[in-house]
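In this document, chain identifiers A, B, C and D correspond to the written order of the chains, with residue numbering beginning at 1 in each.
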């Protein structure tokens, strides 16, 4: 595990234009977003462990600065898509805790009506396209969002997040080449948390320099970012996003980050393949929320009091979402058959011709 | 009013008309633009529509099909060519997960109005990897729709229906049909759309039902002639056209009429569309069957290259006649 | 002599014994070594056998499965884990072309003695992309063999047969069975090998045949008890175990005995193993059927996440009982 | 289209050890091999155009130096695998023209019993593993051959050929990473003939420098080779092969070459996407056989007479193979069902249990 911040000279990105333009409120808002994500996930962890949810729960805790930092830069025509570790991005684009928590509970008022679960949050109205379970499988879709923008001649970019393990999927390579060849306004964001399940980055990838550097093979721009520094995330991501929007050129950016918990909550080995020291070191020295908080305290933008107020509100919001989810209705068995075909759901002429469903 | 037209030109006309109708329609694939298409289905379209609407892609099926799916979520309507449907194998995840499931997993927030098209057939001596027949394979995935036209008119009409459909539709064409001719309604006689889910009785008969799709329909029609002339058997030929949605009513109707069925399917014997049709018939027309349903399928080995015998591996009129005679 | 054993441990024992027997056997996959396997099937093997025999791979299913196929052509016998069989979608070309066709295309000069294994099932609330049930899908490709054990003893025995088989064998396990217990012959009581192609009558009965494989067998056994106790119906339960080769004789035998069949299959309704079995029964035991063959399959939508209803989407004892009652 | 030879300074590779060690006979043998490939293919083209064959015919004419140069370096434990443009490699490994021609004719005495056709030549006894039709699909297999060598602790290497269009397949990327990560003795040989069907390299790939340079992204060695210079092919390929054999390290080498004919004989556009000038220029200035011939004449190793003798013999051998193929028996319909399963073909116990085949 290596953090960019440990190797590279510490530069201060507070002065970059995109950070300069932040008001005090904006900065506090970033803090609030990261805090909300963490509190939401802590709450979901607690409830998962009580057995009220099914399937997997991949926590984003430790990585909050990536989603919040990049999504804070969004413009009207920017779009987002990620893998199964998707709660952070969901809250960052503006999804509510209620619908997110209810989804974990598998309830009909969940964001995906209980059909998707933790791995499949979606909010097209907020330009958020999921939440995808097949490693690397979302990469061509992210490329396609950029393709759509270009086709429609809109000034925007697609941000497509993927993990350090995902980079070795064939679809990622095909997407990189297509993005560069067709000059698609897409930014591939490698969230490098050092591990794919129990496999450290060096056991899964052969590379020179860093994973993002593979972009050179496609004549694409790339950058490496210290995810624990929110100013840096914003400053550097902004360059890539502007390159996409203004020049219609893709980039690969790799953001060094870390997850506190196991791959998913079911990961019994989380403390075996990583030393306790490594985890502690991150928590103590690299936690993006604590670092941001201190930064804002130093800048005099935030007070301890205000910080606590935000944290308390986030906790309460999360607790409320649990209550919402618990009281929300479960999907009916009949509803299993909805949302398969658009034509059927909309009861169109086409949906009435021929047998669409083969239930015995 | 109609005119004679090649199957490939009927498809091209459908693409051209839909490109005209909806500016979100974009045709993509390997060699579809500057090269005019490996099988010349898209001939002339690039010249007419230019680089934005007719797009050559690298040999990256997972990449460009996934790209099309992603773009379709924003309202683009990509019509993507697989040079051979056999190349589904390298894009399978995009085809059966992203295209088929994204709507469901989002609780209905998204739809994926794509078309994937290309030839899916044996019989051209291109060997095992290039001769897959995946209608049944894809129809097995809820969320997908599949059709397989046998005639130029159906090829045009189904293609237009597929492009207008708001769900993913996989159109299985046939290299051996591209050069066949048939009547197609005049372009100015109104929109020629053949709805998905509607079978077509291609020949009326009374003694036995031959149920097929794609090129097998042509074989059935030839076999029916032989059966009539040489054996006095009057076979009915039902062309499924669409596999999912499936015209179950039409299937049951012909079987209730003739009380016998031979299913002809270019798939291999394990599974395929015909196993499913067989199950549906026995389930819903049990008392109408005078004999077990039998099938003519592709001999159950990977596709052989040899031009000397490949036709014998595939369904053909003689094999159909034999199978009918064995039953009757 | 036998002892009680978990399904996952039975598989591990099979792997361990085959690793001992043949130095060319190598176990590969994501997290199979140092992590002990995502579902702990390979627990302890890396510690015992080391890095050469138990190999962690990157998340590159097409790459490492193709690698195993290539190595197998030189006589290595890779046993490759797909963490979920659902991930077949990203390795499909290697699985259905290179593994299935290379022997054929070379005129028999090559064989591919690989095993691909992993869980293939719904019921764990992991959603549409992680819950594919591809037994029927792969059995449709000549050149491949497919089995799906329901009990620890069968899991061990079939795994050993699969590893020794000189053709590609795809073993479909089940995450919900890994923790189930059953009798398995003692290791020192001689090689416990269950041949591919042999079904197992898991329960004798006289009134109706329930035909299934994998976890559906367990549901059938539960349903049979209810039918007996509450309805006086004596159901026979046939566990196919192996899908290709398929024990057609055993299928026909039970149907000839009971004259009725309900097929239970975790596949979706279009196709699957059960459509094929249905076709075979009606073709070869037509006169023995007192009623149409019916099926219990997974409700025909992508797999739902919600723990509140996923079990209702899947075959379960209640749905089986209802289906039997509807027929009887 | 760019030939390495046109950009780069002309170096003479005759002096490299692996070329120094060639006897006059060896050099003539290389000439003979290339000539045989060309004559075989010209004969097959003629017969294909007469309609006696089915399917595709992808001619290797123009690229002969690649197969002959690399395969001439083989040791006992070296293995070879390629795509569908596979006749050249087949003859170079020592397959006979008869079995190759008979295969094109779809005859039972073809190398694959008429089951594979032009795209699927195999000779495992000569370490030749095909002949594969799915673009890029053979790449993991080639990796696996190297894996097998390493597993068996044999000193050898696997040569895995692929086209310039194939590099954008996902499986290729996955194989590159695995090869570097696991240190597999494999050499990926990109036969860059400038086109994938009608698509020029620059319309299919985005890259920096050359395609092989993508290897850097995997921390792998790479090289670019002028395929028209047989000495260069041998000298540089040898380095990669020795790296594999001795250090168990993979490489990517890109060999600039050209095909005279269309993608396949069915390619009606062969003269549309390439200018006649371009084709003529290659024939005149870069033809690997002519250049080699001149080189050997210059060296005094070959005489015009000997050259003609070799050419005549090759022509006759090709003509004889046509006769062989024409008189060879066609496969029977029954034989369609052979060669599906090893167990069935060998009539083992296992093959007798259960139904293996589902013919109606």
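By our rule, a contact is a pair of C-beta atoms (placed from the backbone, for glycine too) under 8 Å apart; a residue touches a chain by one contact, two chains touch by 3 or more.
The model shown is predicted, which means the values in this text are computed figures rather than measured ones.
Trainee: Between C-D and B-D, name the chain pair that shares the greater number of C-beta pairs in contact.
Mentor: Most contacts of the two pairs: C-D.
Trainee: Based on CA centres, what chain would you say lies at the far end from chain D?
Mentor: A
Trainee: Measuring from the mean C-alpha position of chain C to the mean C-alpha position of chain D, what distance in angstrom results?
Mentor: Spacing between the chain centres: roughly 40 Å.
Trainee: Between chain A and chain D, what is the separation of their C-alpha centroids in Å?
Mentor: 45
Trainee: Which integer distance in Å separates the CA centroid of chain B from that of chain C?
Mentor: The computed centroid separation for chain B versus chain C comes out at 31 Å.
Trainee: Would you kindly tell me how far, in whole Å, the mean C-alpha position of chain D lies from that of chain B?
Mentor: 36
Trainee: Of all the residues in chain B, which ones touch at least 2 other chains?
Mentor: 58, 60, 62-63, 89-90, 93, 97, 104-105, 127-129, 142-143, 244, 268, 270, 276, 294-295, 300-302, 304-305, in rising order.
Trainee: Please set out, as single numbers or ranges, the residues of chain D touching at least two other chains.
Mentor: Counting only residues that touch two or more other chains, chain D contributes 112, 114-116, 120, 132, 134, 137, 168-171, 174, 177, 181, 203-205, 339-340, 357-358.
Trainee: So in the complex, which bits of chain A are touching chain D?
Mentor: Its residues touching chain D are 168-174, 177, 180-181, 203-208, 213-220.
Trainee: Which chain A residues qualify as touching chain B in the complex?
Mentor: Residues 79, 81, 110-116, 120, 122-124, 129-132, 134, 137-149, 151-152, 158, 170-171, 174-175, 177-178, 181, 338-343, 345-346, 348-350, 353-358 of chain A touch chain B in their complex.
Trainee: Inside the complex, what are the residues of chain C that reach chain A?
Mentor: Answer in residue numbers: 30-31, 34-36, 38, 56, 58-60, 62-63, 87, 89-90, 124-130, 268-270, 294-297, 299-302, 304-310, 312-313, 323.
Trainee: Going by the contact rule at the top, pick out the chain B residues touching chain C in the complex.
Mentor: For this pair, the touching residues of chain B are 88-90, 92-93, 96-97, 100-101, 104-105, 127-129, 132, 136-137, 139-143, 244, 267-268, 270-272, 274-276, 278-279, 282-284, 286, 289, 291-295, 300-302, 304-305.
Trainee: In their complex, what parts of chain A are in touch with chain C?
Mentor: 53-56, 106-107, 112, 114-117, 119-120, 132-137, 165-166, 168-171, 196-199, 203-205, 269, 273, 330-333, 335-337, 339-340, 357-360
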